[in-house]
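Just below sit the structures, each encoded as C-alpha cells.
Each of the next two complexes has subunit A plus one more chain, namely subunit B in the first and subunit C in the second.
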Partner chain A sequence: MVSAPVQVAPPVEAPARARRLPRWVAPVAGVVAVVVLYVAFRGKAVLPHDDDATLFHWLNDARDWVDANRNSSPIFLYVVNYIRLGAAGVYEAIQAGLVALGWPGLLGLAAGLGWLAGGWRIALVSFAGFAGVGVLGFWEASVETLALTLSSVVLSLLFGIPLGIWAGRSPRVRRIVTPVLDVMQIMPTFSYLSPMVLLFLIGPASATIATMIYAMPPAIRITAMAIQRVSGVAVEASESLGATGWQTLGKVRLPLALNTIMLGVNQTIAAALSMVPLTALIAAPGLGEDLLRALARVNVGAALVPGVAIVLIAIVLDRMTRAAAQRREGGTRARAVRWGGFAVLTAAGLALLPVLAQDFPEQWEVQIVRPINDVVDWIEAHWYTFTGFLNDVVAYGLLNPLQDVLTNAPWWLVTAAVLVFAWRVSGAAAGLVATACLLCVAGLQLWEHAMETLTMVLVASVITIAAGLALGVAAARSRWFAAGLRPLLDAAQTMPSFSYLLPAVALFGNGRFTAITASFIYAVPVVARLVEDGLRAVPGTVMEAARSAGSTDRQLLWKVQLPMARGSLLLAANQGIVMTLAMVVIGALVGAGALGYDVVAGFAQQEDYGKGLAAGVALVLLGVMLDRITQGANGRRSPHKKRNA
Partner chain B sequence: MKKLRLIAGVLALGLAVAACGGAKVEDDSAAAPSASAAGSAPASAGGTVKMAINGWVGYEASAAVVSYLLEHELGYKVEKVTLAEEPSWQGMESGDVDVIIENWRHPDLKKKYIEEKQVAVEAGSTGNKGVIGWYVPEWMVQKYPDITDYKNLNKYADLFKTSESDGKGQMLDGDPSFVTNDEALVKNLKLDYKVVYAGSEAALIKAAKQATDQKKPLLMYFYEPQWLFNQVKLVKVNLPAYTEGCDSDPKKVACDYPPYDLDKIVSKKFADTGGKAFELVKAFQWTNDDQNAVADDITNNGMTPEDAAKKWVEANPTKWQAWMPK
Partner chain C sequence: MGTAAIEVRGLWKIFGPKADRIIGSPDADLEPAQLRAKTGCTAAVRDVSFEVRPGEVFVVMGLSGSGKSTLVRCLTRLIEPTAGELRIDGQDVRAMSAKQLRELRRHRVSMVFQHFGLLPHRKVVDNVGYGLEIQGVGKAERHEKARRILSLVGLGGHEDSYPEQLSGGMQQRVGLARALAVDPEVLLFDEPFSALDPLIRRDMQAEVIRLHREVGKTMVFITHDLSEALKLGERIAIMRAGAIVQVGTPEELVGAPADEYVADFVRDVPRAQVLSLRWICRAPEPGEPLDGPELPADTVIHDAVPAAMASDRPIRVVAGGELVGVVSRVDLLGAVRPEPQPVAAAASAGATGEEA
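After this line comes the complex of A and B, so read on.
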C-alpha cells in the first residue's frame, strides 16, 4: 500500500489557508512515515505462506466429516439433500421443457414472447438472436445454458421477490439485508464454488444453486426499491377503503411496482448469465463446457464462438425483459393483438416441429473458428517480441517490485497503511471495516498469497482505470466515437468473463500479466461507461458558463467536468477494482497463481480443499476491503466540495 | 387467499412425502437418468452413458473411440462431461459421471469412493502405460550433459528464471488439477525452483515447442502417452528412484513418480445396470501408439474427436471387434 496513496491523493489545487498547514502536508507526511517504517522493518513480522496451516487441516477434516455423513446426518437427510433435489427438479423440468420444444418450437416461442413483450421489433430480435446461436453451431449447448440460467432465475425470483417486498416494507429488515447483499455482490464468482461442491456435490443442481445465490441480490434490491417508491397516497387510499394488508400488497403495491420489478428481473438474468459459464467447473452442462475445453486446448476461436453465443442469449433476454418493463397502453383490442400474435408465432414454431429435422440443421451452421485462429496465429508469430517485451516490462517493472514490497512489509505496517488510507478517503467506518477484513485474511493464514493477489489487482486497476478514463472522456466529447464504442462495450460486458482469458493467453503466454490483460478487457467497458455517463450528466448550463468565461477545452475538462463528475468517477474506480479482482482470480486457470490458484486447486485436489475454502473466504474479505476503501468516498460528505461550492 | 391456501397445502403435502425417510444423494431421483433408463432420442436404443472428459488429449482420444463404438455399434447416447480428475470421481457419487476412461492411479480416491463409499468400481486396465516426470528439451542435454540428474538442477537454476518465478528457476507444471507432487518435490529435494502452472496441456506443449525451436531453457512436468514425443525431443530428468510407498504422504514425497498402469473406473450403478455398454468399457484395451495416433489426429490434423475416432475404428476393425460384447 505504499505507492497507492501517492496516486490517489486528493488534488492539491486549493490555496493554502493562512491558519492551517497546506493540505498536502498530511498525505506526504503519511507516505514518508510509511516509507521510513518499511525501510526500517523490511522483512520483519512478515507472514510467509504455509501449506500446512492448522486451519487448512481443520477445514479438510470438516470436509471429511461432511463426506462421511452425507447420507446419515439429519441435516443432510432432511435439509441439504432436499435443497439439492429441489434445484435438480427445477432444472430438469425446465431443461426437458426446452428440449421438448425442439429448435423450431423454441424459436417460435422466443419470437412469440418477444412480440408479447415489445411488438415486432423485439420479436425479430429474439428470433434472430436464437437463430444466430444455432447458426454458430452451438444450439444444444445453448439450450443447456438457457435452461440453467432460467432455472436459477426462477429460483432467485421465487426467493428474491418476497424478500425484496419484506425489505421494502420494513426498514429494519432492510438494514440487515443490505450489507449481506453488498458482500454477495462483491464476492468473486469463483469463491462460491467450493462450498457449493461440499454441500451439494457437483452437477447441474449445485450449479443452479450457486448461480441463484449470485443472481439474487439485484432481485431483492430492486424489488425493495420498487415497493418503497409506491406512492403513499395510493396505499393510504386503499387502506382507508378497508383493504387488508394482503389486499393492499396484491392489488396496489405490487401492480404499481411491477414495471420496476421487471427491471430487477432483467438484472437478475444478466447476473445469472455471467455466472453460468463458470459453473462448468463443477460439471454444469452448456456453453461453459465448450469454453473450458477451448481453454484447455488454448484455442482462441473455439472460445470466442461460445462467448458470442452467450452474448446473443443475453441480448435476447435483455431486450425482452426490458421491453416488458415498459408500461404498455392499449385496450382490449391491443391486448388481443398481443396475445393473438404470441399464440400464432408459438403455434407456428410448434407446428413446424414434426416437419423439420430434430437437430438444428448442420448446413446452416457457419464455421468461423478457423479464420479467427488464423488471425491469432499470425499475431502470435509476428508480434512475439513485442508481446514478450510488454509482459516483461509489466512483470519486472511493476508487478515484481510491488509484490516484493507488499510481501516483505511487516503485516502491521500494511494494515496500518490501509487503515489510515481508508479512513482518509472513506471515513472512519470504512477504514475500520477494511482493516478488520485485512486482519481476518491474516487470520486465515493466507497473508502472502493475498498480498500477491492484491499486487495484481492494484496494477490491473491502475491500468484499467486510466484506460477507462481516457475512453470515457473521448466518448463524452464525441458523439461519433460514443456511437461506435457503445455496441462494442455492450458486447464486451456480456461476454462470459473467462472467454477473455484466451486471447490474453495466446498473446502473452501464461502468467500474471495474462490475468491482468484479461481483467483489463473485462473491466474497461464498465469504467468507460460510468465515466462517460458522469461527464454527460454535467449540466449544459454550467458548460456554457465556463465556455463563455473563456475556458479552453482542456480547462473545461479538468476544472469543470471531471470535478463535477467526481461521484461517477469514484463509482467507476470502485467498479473497476471489484471487477478486476473477480477476473484476476479466474486468471489462476492460466497460471496467475496466488489466491485464485488456491481456490482452483481446492476443488481439483483433495488435500488442498481446506486451503481452497479459506482462500475463497480471503477473496471475499479482500473484495470487501477494496470496496470499502473506494466506495465510502461516494457517501462521505467531502469538505473540499463544500468549499468549492 | 385461496391461492395461498393452495400453496400451503401443496407445501404441506410435499413435506409430508419428504419426511418419509430423508434423501440420500445416490437416490435415482437425485441424478439424471443413467444407462438403465432409456433416453428420449430415438437413436439411443440402449440408454445414456455419462463419460467424464478430463483435460488432456490422450484421455479424449480414448473417450472418443469408446464413445464412437457405444453410439454407432451399440446404439447408446453418450453425454460427455468436461471435468477435472477429482471432481470426476465425485461425479460417481452425485450421479453425473458413469465412466472415467483413463485413471492415473489415485489410491486415495480409490479408497474413498470404491472401498468406503462403494459408489465406484474398477473396470480393468486400458492397456496404456503412463509415465510422469520432469523433462528438458534435448538441446539442453547436449549443451549441459549433467542436467539430467536432479542433484545438478540447482547449478542451472539461473537458466530457468522467468518473470513469474520469483528469482528462482521455473518448474513449469500443467493444469493445477493434474496428478502432481512437484511442489513437495521442489521443497523436499531442496531445489531452488518455483512451480508455476501453465494451466493446461496445450500450454505445456506450446512451451515445449518454443523451447525447442527458439532454444529457450525449459524444465517442465510432462507425461506419456503423448503424441508430442513423435515431434519434439524431450529428455527426462532423473529424480530419486521410486520405491513402493515413497509417495504415500503427498507432503513428504521426495522420489520420482511411479510407473502408471492406466485403468478405467465406472460408477457402481453403471457396473450393475450398464449392460452391454459396461461390457464394452470393461473390455476396452489398446496401446500407447493407438492412443497417440488418435490424439495426433485430434490435435494436429484438425479432426474432431468423432472423426478421429471414426478413422481409427475403420482402420483397426480386428482390435475393436474383440471388445464388443458377445
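After this line comes the complex of A and C, so read on.
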C-alpha cells in the first residue's frame, strides 16, 4: 500500500503506547493524500506526447551519422562490420546446409536426432512435427526460421556456455554477470532490435545477433548453476588424486553438469524461438514475415498457420533437447543401437533425396487458412455480444479511467507515488532505482506513451495475478485439479511468446484488450505454477501440526500456507508483471499502441527511427522499474552472509 | 622410530577474512566462539602438532565440528593451511609448487571420503582407474590395474557396474580401491564408514585391518566413533575445538586421560579389554608368594583371567625379563567389574603425548 507522503504530526507528549497507530493508517493516509493531490493538481505538470521532440531528432541525426560513416569509421571497419559478416556467415552456412539436405534429408536427420536423444517416441515427434510444417505449406519459410534459430542458438551457446562455466567457478564473475543477466531477462524483446539495426543494419545478420543476445542469459545462468551444483565431494576426490584444474573440469565437472546444461540449451532454444519471428520486423526471412504480414491485415487464418508452424518447430526442438537432458548412459549395446538408429534414419532420408522432388510436394499440403477464417468469422458473428461486452467492460471500466488518471496526473505525483510505494515494498535502494527509471522515461520525452503502456501492464497484471493465485491455490489443494493443469502449463511453457497473440486476436480482433488477453494467457501458467509450488513447499510437518491443532482448511490456507509461501507468492507477482510487460509490448503488433507501437514504427518509417530507439530504451526502464518495485519479493538480492573458504 | 611418514608442527587453519593476522596475536588463544564473535573468523585447526610413523595407523578422533576433517584436508593442502609446518616423508608440503603438489597427490598420498565422491557417469572400473587416467596411464594398463585392485577389495565382477547400482558399502570399497590403485605411500580416510550401516561398517573396518596387514601402508584415519578408533588405531589423537587434546595408544587414553574431556569420552569403554596388566600391577606386599604364573606386562587384563583362574597365586607381571609387579585375583576382579574406578595411580606407567 502507498504510505503517506505527508507526515502525520508526531504527538510529542503522548505516551509511547498511544503513538502506535493501527497498521492501516499509513497506507490509507497515503492513498488519501495521492487522491487529494491528484484532484488538486489534475491536468497540471503533465507531459503530453510530442512526435517532434528534440531528442528524437537528435537520435535520427545520430543514426544518419552512423549510416554516413559505416564504411569509414575504424570502429565499424574493423569491429562492427566484421561481427556482422561473421554472424551472416554462420547464418548462411547453416541455412545452406539445411537447404542442401532437402526436405527428405532434413526429415531423416530430424528423426535420427530424435532417435538419438530419446528413442522412437522422440523420433516420431520430430518426424511428425517437421512433416507437419511441410503439410501446412510453409516448408521453405520454416527452413529459414530454423536456420536463423539454429545459428543464433549455436552462437549463444558458443559464448554462453564458457561464460557460464566461468561464472559457475568464480564468485567474482558471478557477481558481475548476475545483475546484467537480471536486466537482460527483464528487457522486452523489442528493445533489442533498434540498437542492432543501428549497428548491423537490417537483415538476417542483425536478426541473428539480436536473437543470440536475447537467448544467451538462460545458457549462462543454467550452465553456471549446473557447474556450481556439481557434487563437491566428487571434485574434491578428483583434486585429491592430483587432477589439474582442466582435468577436473573436463572429466568431473562437465560430465556431471551435462544434463543440466542440456536444460540450458533447451531454454536457450525456447528463448530464440520467441525472438526469431519478431526479427521479421528488421527484415529477417522466415515464418515471421508471413506472420507479421497477416497480423497487419488482421487475417487470423493466414497468421495462425505460420504461427502453428513455429509452435511445431518449438515442440520438436523442446522435446528433443529435453529428452537429451534426461538421457542416461547405457551399456555398449545401448549405445550401438542409438547411433545405429541415428545413422539408418539419416541415411534413409538422404537416400531419398535424389528420388523425391526438390520442393516439398504441393499435393501433400493442406489449406486451412479459409476454414480457420470461417471459424473466426463465426466467432465474431455469434460471440460478439460476449466478446464485445468483455472488451468494453475492460476498456471503459478499467483501461480508460486508469489511463486518464496516469496521463492527467502531474508527473511529480506519479513519481512520488512510485517512490513511496517501491520504498515500502522493496526497500530504499529499489525505490530509488525505480524512481530514477521513471525520471529517465520522462527525460526520453515518452511520458504519455509510457503511462499508456503502464496502464495496460497494471490492468493485465492484476487480472493475471488474481487468476494465477486462484488457479495455483486450487492446484495446490486438489490433486486431480493439479494433474489436469500440469500438462496444460507444460505445453504453455513450450510456446514462443508471440503465439499467444493469435487466439487473442481470433477472439477479440485488434486492440488493447487483445494484448491484455495475450499477456494473461502468457503469464498465468507461470504465476499459477509458482503459487502452487510455493504452497506445496510448505513442510508437511507444519501442516500436520496446524491440522492437529484443529485448523479448518480455510484457516490452514490463510494462516499457514499463504504466509509461509510469501516468498513464492511475491516472486509469482514479480514474474507475472515482467512477463505481462513483455507481452503488452508485442501487443503493438495487434494494435495495442503505446511504446511498443513506437518501436515498430521506428523500423517502418525512416523519420521515426529516433522515437523507436527511445521507446526501446523506455521499455527497458519500465521493465527495470516494475521489477525493482516487486523485487523485495523475490529475495534475489537479499543480502546474505558471505562465506570465505 | 626413523623418519616420520607425516610430520605436523604448529598447524593452523583459520577460515575468514585476514585469517593470517590472527596467528601470533592474543586473539589466537580465544575460544572458537569468542574468536568468531570478535573477528568473524573460524579457527578450525589450532596449533596442531603430531607425527605419524611409517606403516602406522594413526587415528584422529573428535566430535563433529572439532576440525578433524579440515585437518586431514590440510595434509595434502586440499584446504590451504594458514600457518605451520607440514612434512610428508621429510619433504616440506607447504613449500611445494602446484605441480609438485599434484605429483604428491597423484603418486604418494590418496584419500577416501565419507560420501565416496564417486563419478556417477563412469563405470566402477573407470572410477578406480581415475587416478591413473589423470596421470596419463594408458587405458589397457589402468583397467588391468583397476581389476586387480577391485578383486583385492572384494569387488571382482563388478567392474562394469555403475556406482548407483552398488550398495553403500560396495561404493565405499570402490572409493577404497580408487585410493589404492595409484599405489600411494599414505592413505587418508575421512570418516569413510560413517555413512554406512553398523554391520557393514564392521565388515569395512575388518577390511581396512586386513588391507593394512597386506599392503602395509601408512594410514591416517578420521572418525567420530570411539570404538572404531580403538579398534583400528595404533595411536589416537583426540581433537576438540580445533586442537589436539591428547595423543596416545588406546591404552594410554583409557588408562590416563589427559583431561576431563578425554575421560568423559572413554568412560564407557570396557577397560579390561583395553588396558594391560601394567596398569593394575602393584609392588608385592611383604610375605606375598611370588611363585604364581608369569605374564608379560602388555597382556590385556581380560586375557589374564584364565591364568588367574588356573592358579590362586598372584600373577607375576614381567617386562624385559624383570619383575614389574604382581596382580592378585582381587586386583583382577576390581579391574574387570562393570563400573571401574579411575586407575590414576598407575598413570605414571604410560607416557602421555599431550598437545594443547
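What we mean here is this: the second predicted complex is superposed on the first by the 503 of 645 C-alpha atoms of A that agree within 3 Å, B and C clash if a C-alpha of one lies under 4 Å from a C-alpha of the other, contacts with A are read in each partner's own complex, and residues count from 1 in each chain.
The rule is short, and it goes like this: a residue touches a chain if its C-beta (ideal position, glycine included) is under 8 Å from a C-beta of that chain, and two chains touch if they have at least 3 such contacts.
Just so we're clear, the structure is a prediction, and the values are computed from it rather than from any experiment.
Taken together through their common subunit A, the two structures put subunit B and subunit C side by side without a clash.
In the superposition on chain A, A:L241 makes contact with subunit C only, not with subunit B.
Legend: residue contacts after superposition of the two complexes on their common chain; A:G203 is shown touching subunit B, with no touch to subunit C. With both structures placed on the common chain, the touch criterion links A:M184 to neither subunit B nor subunit C.
Residue contacts after overlaying the shared chain place A:A347 against neither subunit B nor subunit C. Using the contact criterion defined above for the overlaid structures, shared-chain residue A:V233 touches subunit C, although it does not reach subunit B. When the shared chain is aligned, subunit B comes close enough to touch A:G511, but subunit C does not. Applying the stated contact rule after C-alpha superposition, one finds that A:V28 touches neither subunit B nor subunit C. Among subunit B and subunit C, the chain that touches a larger number of residues in subunit A is B.
Of the two partner chains, subunit C is the only one touched by A:P255; subunit B is not. In the overlay built on the shared chain, the residue A:R84 is in contact with subunit B alone; subunit C does not reach it.
Remark: least CA distance from subunit B to subunit C after fitting both complexes onto chain A is 14 Å.
Touching of subunit A by both subunit B and subunit C, each in its own complex, is seen for no residue at all.
Note for the complex: subunit C touches subunit A at residues 15-17, 73, 76, 78-79, 101-107, 110-111, 113-121, 130-131, 133-135, 160, 162, 175, 178, 182, 188. By the touch criterion stated above, subunit A contacts subunit C in their complex at residues 231, 233-234, 236-244, 247, 251-252, 255-256, 258, 329, 331, 643-645.
Of all the residues in subunit B, the ones that touch subunit A in their complex are 1, 18-19, 21-27, 29-32, 40-41, 53, 55-57, 79, 81-87, 90-91, 93-97, 108-109, 112, 116, 162-164, 175-177, 183, 196-203, 206-207, 250-251, 299. Those residues of subunit A that touch subunit B in the complex are listed here as 51-52, 67-68, 70-71, 74, 76-78, 81-82, 84-85, 88, 92, 99, 197, 201-206, 246, 280-283, 285, 289, 292-293, 295-299, 358, 391-392, 395-396, 399-400, 505, 509-513, 588-591, 593, 597, 600-601, 603-607.
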